[in-house]
Structure formats: structure tokens, C-alpha cells
Amino acid sequence: MPTQSLNFGIIGAGRIGQVHAESLCYRLPQANVLAIADIFGDAARAAAERFHIPHATDDPTELLDNPAIDAIAICSSTPTHAPLMMAAAKAGKHIFCEKPIALDLGRIDEALAAVDAAGVKLQIGFNRRFDSNFQRIRQGIADGEIGSPHILRITSRDPAPPPIDYIKASGGIFLDMTIHDFDMARFLLADEVEEVYAQGGVMIDPAIGEAGDIDTAVITLRFCNGALGVIDNSRQAVYGYDQRVEVFGSGGTLSAENNTPHRVTASTRGGVSQAKPLHFFLERYMESYVAEMRAFCEAILNDQPTAVSGNDGRIPVVMGLACWKSYREQRPVRLDEVTLS
Amino acid sequence: MPTQSLNFGIIGAGRIGQVHAESLCYRLPQANVLAIADIFGDAARAAAERFHIPHATDDPTELLDNPAIDAIAICSSTPTHAPLMMAAAKAGKHIFCEKPIALDLGRIDEALAAVDAAGVKLQIGFNRRFDSNFQRIRQGIADGEIGSPHILRITSRDPAPPPIDYIKASGGIFLDMTIHDFDMARFLLADEVEEVYAQGGVMIDPAIGEAGDIDTAVITLRFCNGALGVIDNSRQAVYGYDQRVEVFGSGGTLSAENNTPHRVTASTRGGVSQAKPLHFFLERYMESYVAEMRAFCEAILNDQPTAVSGNDGRIPVVMGLACWKSYREQRPVRLDEVTLS
Amino acid sequence: MPTQSLNFGIIGAGRIGQVHAESLCYRLPQANVLAIADIFGDAARAAAERFHIPHATDDPTELLDNPAIDAIAICSSTPTHAPLMMAAAKAGKHIFCEKPIALDLGRIDEALAAVDAAGVKLQIGFNRRFDSNFQRIRQGIADGEIGSPHILRITSRDPAPPPIDYIKASGGIFLDMTIHDFDMARFLLADEVEEVYAQGGVMIDPAIGEAGDIDTAVITLRFCNGALGVIDNSRQAVYGYDQRVEVFGSGGTLSAENNTPHRVTASTRGGVSQAKPLHFFLERYMESYVAEMRAFCEAILNDQPTAVSGNDGRIPVVMGLACWKSYREQRPVRLDEVTLS
Amino acid sequence: MPTQSLNFGIIGAGRIGQVHAESLCYRLPQANVLAIADIFGDAARAAAERFHIPHATDDPTELLDNPAIDAIAICSSTPTHAPLMMAAAKAGKHIFCEKPIALDLGRIDEALAAVDAAGVKLQIGFNRRFDSNFQRIRQGIADGEIGSPHILRITSRDPAPPPIDYIKASGGIFLDMTIHDFDMARFLLADEVEEVYAQGGVMIDPAIGEAGDIDTAVITLRFCNGALGVIDNSRQAVYGYDQRVEVFGSGGTLSAENNTPHRVTASTRGGVSQAKPLHFFLERYMESYVAEMRAFCEAILNDQPTAVSGNDGRIPVVMGLACWKSYREQRPVRLDEVTLS
């Protein structure tokens, strides 16, 4: 039972903003939402009505100027993340920010410096760390259940490609999609990657290629401690959202299957069938969105470090940039080739 | 997005009362809770504080007298269910009532008559009907996916026995535990049972036997259309809450496995292991509690029949009484032997 | 590497005779087959050619009279089992006999007495005891892995009904099909059943009912030590041969899934599907047929008791007869009601 | 029922020679084994006794000179494969040869030329093609069940490393272990690989590194049609022989789980556990060894092409050599860099 509660302002009333609004308003007793802002004022007002949020606005600065607000959830479009982080930090607000911080390392570093200077809490929205499957694997590795990790395998495939307009602005597959897997790799092995090698192609939709992106990729990782990793991505798994992970080590292997809407098997003359994986990322990861926000609240209330730091937000961007370099130059690329550039 | 919302009063602030309070307060935008009552006023006040419910009282009649309240959720102890149903009906409130309505058919019939006379909605708390696994099976049967049902199998085992004091007042295993399975049998096959045969014993704790109950049972059912059913119950499955169902028919079989907290497999020198079933009924069935209350709200808002009628609450009690008769007389017992008594 | 080998004669060149011929000729270095007999001489000759057996005949007494033959495998029709057992015993041959020994307890007792008098080895063909799944469960129970058994569940469903002519002579479902499950029940729990209650019906084919049999059954068992058991049978599982077992006890549960021809999962837009259970009993149980014959050879070569005794062949017939009595009288029946009759 | 049968001579009475002897002697009616040769005459004699093979010798030329012998199974050590193939071809015998043909492309080409010149049948021992799991996947792809393949994933991990002396002569991990996976990749996708990139390390046993080999590897493949592949190898999976494959395509995915000795799940207070994968390659792949030899016999008897050609034996060696080059030069290597060298 919470003895304290936090007052939130939410910036961005799109899909992910509504996810966090629902968690903060309906699932987390330790949080209140005082206001929601969106440059489309109507969207802000609709969300405010839906979640019983007292104030809606098209001007995010109203939230930053409101002294009753303790924390800001930045759920607006990627280009606004870094400037809003800096403004919120300056206003002394704790910050939850969706990934990626930015597609440009300079802007990321500038934003993180502002946060550091302000001494506010910052948590980046890598929600998958809070999923029960991946938590179980992380815990097993931390407990030594499988000894030293040798090989990491991540399968991460979307049910359908995003709109081409999204792809054009997203930084491409390594920055809009694999970025989650980069974070997962670091989270699970508790080690840094030193080198990546990215292969890929346009196998699903030529329009994705025309937009300068690819839709299918296989990325290998070499960790600092010598472990190897493989990520395979596809923008279209017709059977649903395919999110599996395996970590193999000297003492065994831990592997996570997909979550499904039910556990029923139908056996008929035609065959034996089970549920497809949960199709939509909100179904698959809803509980992890609630859990990440709960963790953020508790980090603030207990004055502890957040579970996903600014650096945790920065490194996957470095990895994504290194993958693009690797893909284009058709050779393995060390992360320091990108970091130092 | 709800255009209307319902005002609830909750009677009973114990475990199940809190479950419904959480659903109504935090998960269902279409519901508001105006007041909560418990004969232990402190319990009512604690729950009110936790769920931000404006009014707490030790007197349930305050809720019935409040004209702003549309619906009452009866979550108090079993002996109070029937009298509260009658009082709520008389007050013109819609009623959600936990199972069982009563352990005595006369009292059940009296209460249901009062509800009928008042013309209010009534839904009985057989939440498992709303579980995604069982919904999937019900839908498959309704769609003809497995043809005509021939054999129903229900495995329903609790992780640990309830306190002996609970058992003494509960009506015994067939009325406190199998009652859910009786409802499931009727729900899945959409048919009535005409005869039961119950076997059982005290295998877990002699104190259960001393309390006049058994802790392990196997019940066979004969449905009116000729299908056969088997329920096996144990008050103690040391590996967790075991809740599986299979319906086999002329066209195949549908079977539901247990839900687990994660989908990770650990393979080590010691073996290959997976998660145990979810242990606690609230973990296992939380979403079904939300869904049943959502369905209740929508039945009222749309003026449609509720999903679990008063008769659906009555028949499983008949079945439980028939099982006790069968167990004691060591012979199959027809339901009409009980109904007519 | 065998230092000794046994010479076999096989009586019966039908389906099951060929199964054992294949095991003895091609899989078991410790066995030679010297001759095969079948009242249809052509069948005997065809099998002899196929398995390179030196002698074929339509007269089984040739095998019994052959001093080079150590053991006889009786694979002919049920009515011949008891007389052939007696003749083989008199000839001093070790005997492997397919189930059931007979459908009449008097004839069984007479045959077993002859075997006892002759002092030869006898093994009854309850091959499922040798299946790796059921061996694993038996071993787990024997090792105390699940404590005291409380509830046994057997699902045993054939892929398709046998010919009506077979049913007319087979003794009906409890003696031609459930008999295997009765043996399994006794084998797994290492305890005797004291009472059965059988329910059933004709749900698949009216012709089965016209032949005096049923095609669907649910049988409950009460073991001497108090444990309960449930067997469900169907003569037609359209998805394949469904052979599952679970034993639940004070310390947990052991359950066997079906075997499948492969372990591949196909996930497509249409769904997620896996292999159906192995369809034909010879596919499903071939290895157990080899293993039972290996065990028989080794029991003889090492002069040890066989794994399935004459009494193990007798009791399931008693259980089958008790089930018919229970089914007809619609009440639980104790085995001693049948044994003493 | 075979109308014809083939007479075999087996060269090599070690482990794999005995496997094929068992298949040819006990499982395949269409084959007879007339003689077995091994440079260790005692080994040949022991095997002859065990499998009832009429002739044993320490001189393989006796088999080649025997006009009654139709086909030779070459199961001796790798350096003898190519010379024996050439001698057998010259003697007009059909040839089954274990993999690899040789570790040197020149010797392979010379041997294949001799086979071509002689016009005899040749089948290389890539037995995994005949495994029911991989057959199912191959068939699904051929039938278009998953559309165009995009990503292939092979996990292939041994239960324990081979002796260091074996490793010193084997050509290293890419030629003694991954070679099977290279064949699997070509078999499943029915396409050639044009480029490989190999990463790896010594993670299990430093002695493996001292022998010039690695024990853990991740290899990516680029197929000619653009599909991507990933193989991960470990010389030590402590939980057993891990042999999984997945092919993901535009229409879905097909994935094969491990085979296990039984299908029993044990659920206890300690957890839920299942069987470890079959531990030993002979347990796991025994049926595929039988099936490959059956296919070889039938290819000869029906005068059809064998299922695994000489070229199928050659290309995986090219891939292994390309992987060593890639590993050493830390860059992707095209197969034609090796082929042309």
C-alpha cells in the first residue's frame, strides 16, 4: 500500500503515450497523472477524457512549469526526445523517456549531460527488460544456473512492417527494431558488445528497400568477455509477433518461447494446433509496460538508480549505427569505430 | 470509450471483495465504486483507502439505501449471500453475487424469486467461464470444431488445502471446490448433467476427514445428451494450481494446459525444467475476474442477459449435494433425486 | 553380445505374429526363429519367406514336437490361446502368449495350472509395460518421486474402430481395449483394484451397439490402498492413437504425452501446428514389442521370473468382466463379485 | 517384400561400421552382408560374430575382389576414404562412403572422378537428411508451406567434446562437426551458399585450443538466392545432444525441437521437468542411419540417383575450409575463394 505517490505529466498522447497513461492511471496506485500534452490538442483532450486526467494541453511547457508535477513521461516523436529531456531536466523533473533518445550520438550526449547536471532520475523505455520471460533468463544467468554464457540467440520478428513513412524517419531496422534486441543482449549477458557484423536484405517489400532500409537481418555480436551472439530480425512474421531468446552457457541453456493468448491444443483430423503468438506488441508486452513504470516510480520514491540508465539508452544507438556501417561495408565493425567517430 | 458508467457498492472487503474492488476501480473505466461495506469497519476503511473509494461503512444497508448506487457486488461470507441478494433486489439494485448463493436449495430458490420479482440483473461469480483457455474451448465446441462432445475431463487441484475452519462451514469439497468444475462442465458442453457418481477419500490430511470432509475426489458425470464427464479434485497439488480441461468429441479434442508465470525452459546437466503452474488462484484467474465484472457492467449498460444466471448459480449446488449423496451411498445419483427432495 | 540364443517357434502369422517375427528375426540377436505355423499355410509360408524363417507349416503341433525349439510365441486367435498354452506347457516349451489368455476365467485357470505344473516360463503380451513413457512413470513412482499415488488417469483412444466381426468375438470394449489399460493401472501403481464402475455408450457407430458392444467408456477404479483411477476410452479418435497416462500423488504428478512422428512445429498465417500422435499401434508401440520379447528372452536365458506373469494376464480379464457387470447393472462392482462367480 | 537383395561388404568395424552392419544385417531385408574388413582383424571378427556375417578379414581388397559383392560401405578412417572409393569404383562396386570424403579438395575431386568414370552409384553418409524431423521441414519447404525461405537457423551442439587426438586429425570443428550442418543447410533450402562468416572461440577446454581448434562457433551463411543462415555450434552441451533447426520464410516458420527418450513431464514441489534430449548421436540418429542405408539400397535396386551425391560430399568440405579462412582472417569469405584455390 503506497504511502507516497508521484504526480506525472505525460507528453505525447499517441499509442505509446496512451499505454503509459493507462498504466499510470489505472494500474499503479503510486502514481497520479495531472496533465497530458500533445501538439495535437484534440488527441490530448481525448486521452484526458478516457483516463480521467484533469488537464490536457497542446503545450508541453505547461507540464514542465507545473510545480506539482514530479515526473515527466516523454512519449512524443523521436526528434523531440532530446530537447524535451533537456527542458525537463532543467525544470527539475524526473524523466521517463521512450527509446531511442535520438538517432545522433551528439544529441544523445548533450541530453544525458543535461540530465546529469540536473541530478534528476532518468529511465529509458526498454520495456522488454521487465517481461517475465526475460527476467527469468536474466535471473538464471545472474544465479549461475547455466555457468558462463557462450552463445546468445535472439529471434525478434514483427508481425507486419510499419508504414513506409515511419521507416523513412526511424533510422532503419537496426535503430527502430534491433535496438530492443541490442538492449536485451546487454541486459541478459550483463556485458558489453565490442563488435558487430550485420547482414540483411529486402525480402518482404521492395518499398522498404526504396526507402533506404532493409526488412530482414542477421546480426552477430562479439561480447567483450568472448561470448558470441546472434540476432535475427524480420519485419514480417505472418504467424505473429515472434519474440524468443536463448542463452547457452557452460552449464546449460535457458530459452524463452513465445507467449500466446491461450494454452489450448486442438487435435482434429486436420492436425494438432495451438495458439499463434500474441500478435500485437501491446498484447505481448503490456505487463512489461506496467512493470517498467512501476520500477520507475519506485526508483524515484526510494531514491535508487533507475533500471535503465541514460547510458543504457545510448549504447544500443551506437550498436545500431555500427550495424549500418557493417552492413554497408560488408565487414565486422567494432563499436569503438562508431563511438569515436 | 464508455459513454455511460455504473456506480457500484461493494459488500465485503475480504480477499475476493478486494479483487473486485481492484477491477472496478482500476481496470474498468465503465465502473465507479461509491462505497464499500464490511462488518469489520476497519477492513472496509482500509480497502477504501487503498482503492480511493469515497465511502466506507460497517453497515451494508447504507449502500442499499444510496440511490446513486446502481449495482451491488456481494462479496461477503456465504451465509449472507441470499439475504443480501433479497435486500438488494428489493432496493432495485443490480446484483453481482459470489458463489455459492447458499448451501440450501430452499434459500437459493427464495433469493432467486426475489431477484425475478424485482426485475434486476443478477450475475453469479463463476469467473472461470471468462478465462481465455476455457473461452477458447467453449468457442471451439460451439463452432463444431470437435463435432459432438463425447468425453469431458476436468482436472482441478488446489495448491494447498484451505484452513480447517473454512472447510467446516464450506459445505465440503463438492460445494467449495468442485462447484467451479460443475459450472465449467455445464458451460463447456452447454448441456445439463443428469447423474453423478462421486468417489473420494482423505489422502492428504486426517484433520480434513475429522471435519467431515474429504480431500481427494473423482466424480463422473452423465450428461442428458449421453456425453460422459470426469472431474478429478485434490486439495493439494504440491506443484501449484492445476487447472486443466479437455473435451473430446467425434471430430477431435480440445485441451487446455496450465498457465505459467513464464515460458522459459532451463536445460542443464540436472535436467530440463519449466515453470510450475501459477500457484495462487488470483494470479491464475485475475484476468477472468476483470472480464466477468466487465461482462456484468456491459450486460447492465446494454440491458442484456448476464453471462451467468441465477439458475447457473443454483444447479452446481444441486450437483454438489448429489455428489455428497452419491459418495455416502456409494452409488450413482440422479440430480432429480436431490432437486425434488 | 549374446553367448546363448533361444530357438523360437511362432504360432500365428497374422499381424501380431509378424510383429514378433520381425523382432525375433531382425532385432534380437539372442533369438532364432526355426519355424512359423498358421492354420492358413500360405500365410505361414509368406511370413517365412519374408523373415527368412527356415520352416513354415499349417500345423502348430510340428513346432511343439520339435525338440530344437525352446520357446513358443502364441500369436493366433484368442480362442486358441488357452489350448495352445496347455499343449506348449506339456511339451516343455517356454511360452509367450498374446493377451487375453481367454475370455473365460475357468479356461484361464486351467491353462495357468498347466503352465505351473510344467514349470515353464510364461509371459503375457502386455507390451505397453515396455514403452519408454510408461517405464519412466513406473520408475518415478517406484522411486518415490511423487510420493503416494492418489489419482491415476489413463486416456486410451483408438484411431478407428475395429471391424464389426472382430468386435463380435472380442468380448467387447472392456476385454479387447480397456484390458491394456487395466494392466497399465496395475503395473503403474503396483497395487490391485478392488472395485470398478463403468459407464459408456454408443456414440460413434450404431453397428457397434447392434453387435452388443459400446464404443465410448469411462471407468473409475478404486485400488486396495485407497487410490482412485479413471480410464477413458474411445474407439475413434480422429486425430490418431491417443495414449496418455498421468499419476498424481502426494508429492506431485507424472504425465505422459503422446508420441509423434516428428517434433516439428509449423507456424503460418493459418495457425501453429504440430504432428498428430502416431496413428497406428505398430508405429506407436513397435519398440515396446521388441522390448517385451527381449525381456522374455532374457528371463529365460537368465532363469528369472518373466515381467508379465500368468496372473497379470488373468486379472485384467476379471476387471473387464467386472466392468461389463457394472455397466449392465449401473452400479460399482467389486472384483471379488466376479472372481467368486 | 523384396524380390531382389544386395550383397554388401563393409570396410571398417569401428563404431560407425557396426551401426551400418546392424542396419544391413538386422533391419534391411533387401541387404545381405557377405564380409567385413578391418585393419584390426580382431575387430572385424568380433563384428562378424555379433552380426552373423559369414566372412571377416583384415584385408579390404578381399571384399573388392569378391565378385558376389555388389556394394561396399566405407566406414574406415577418413584418410582411407578417397583411396578406397577409387579402388571400389575400379572394382565396379557401388559405394556408400562416410563423410568427409577427404579434407583435401584435390583428393576429393580425384576420387569423384574415379567414381564417375566407373559409373557406379555413390552415396555420402550425411545421415541427418533422413531424420524424420528434417525430412518434415524439407518437405514443408518444397511444398511451399512457408513461402520463400528468408532465415535458416541451425543449433548443433554435441554432448561432450571428442578426444583431443580425434580433434588433431579431424580438420577441426568446421570439418568434423559443422560439416553436417553445412549439408543440412544445403539440403533444407535446396540452394547453394555463396559466402560464410565464421566466429568462434575456445570456451570449454583449453586443450582444444592447444590442438589448434576451437570449441564454440557461430557461422553465418549467405545463400545464392539471398536467404541468410546461422549455425551455432558447441562441442559441449551438458544437457545432451542439441539438434534443432528452424527455417523462417515469407509464409511462416518450421522448427524442429530435440528428440527425447520419453514424453513424460514430472511436476513436483521442486519444479516441472521433462526428459533431456537424447544424449548420444546413435540414439538420436539411429533411425536415420537405417533410412539412409535403405535409400542407398533402393537407389541401386531401382537404378536411380542416390540421395546424397559426390558433389553433396564435396561442397560441405569447401564450406568448412571457407569457414577456417573466415575465422582466421576475421572477414566474410566467398566459397569461390576456396574452390578456386
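The letters A, B, C and D name the chains in turn, as written, and every chain counts its residues from 1.
Quick note on the criterion: contacts are C-beta pairs under 8 Å (C-beta built on N, C-alpha and C of every residue); 3 or more make two chains touch, one makes a residue touch a chain.
Nothing here was measured: the structure is a model prediction, and the numbers come from that model.
Shared contacts of subunit C and subunit D, meaning chains that touch the two of them, come down to A, B.
Distances between chain centres, each the mean of the C-alpha atoms, put B farthest from subunit D.
Inter-chain spacing, taken between the CA centroids of subunit A and subunit B, is 39 Å. Subunit B and subunit C have Cα centroids lying 43 Å from one another. Between the CA-based centres of subunit A and subunit C the separation comes to 58 Å, rounded to the whole angstrom. Contacts with at least two other chains are made by residues 237-239, 242, 251-253, 267-269, 275 of subunit C. Residues 1, 26-27, 29, 46, 49-52, 132-133, 135-137, 140, 145-146, 251-259, 261-269, 275 of subunit D are the ones that touch subunit C when the two sit in their complex. Residues of subunit B that touch subunit C in their complex: 148, 150-151, 153, 155, 157, 197, 199-201, 203-204, 216-218, 220, 222, 226-230, 232, 234, 236-239, 242, 248, 250-253, 330-332. Partner subunit B is touched in their complex by these residues of subunit D: 237-240, 242, 267-269, 271-277.
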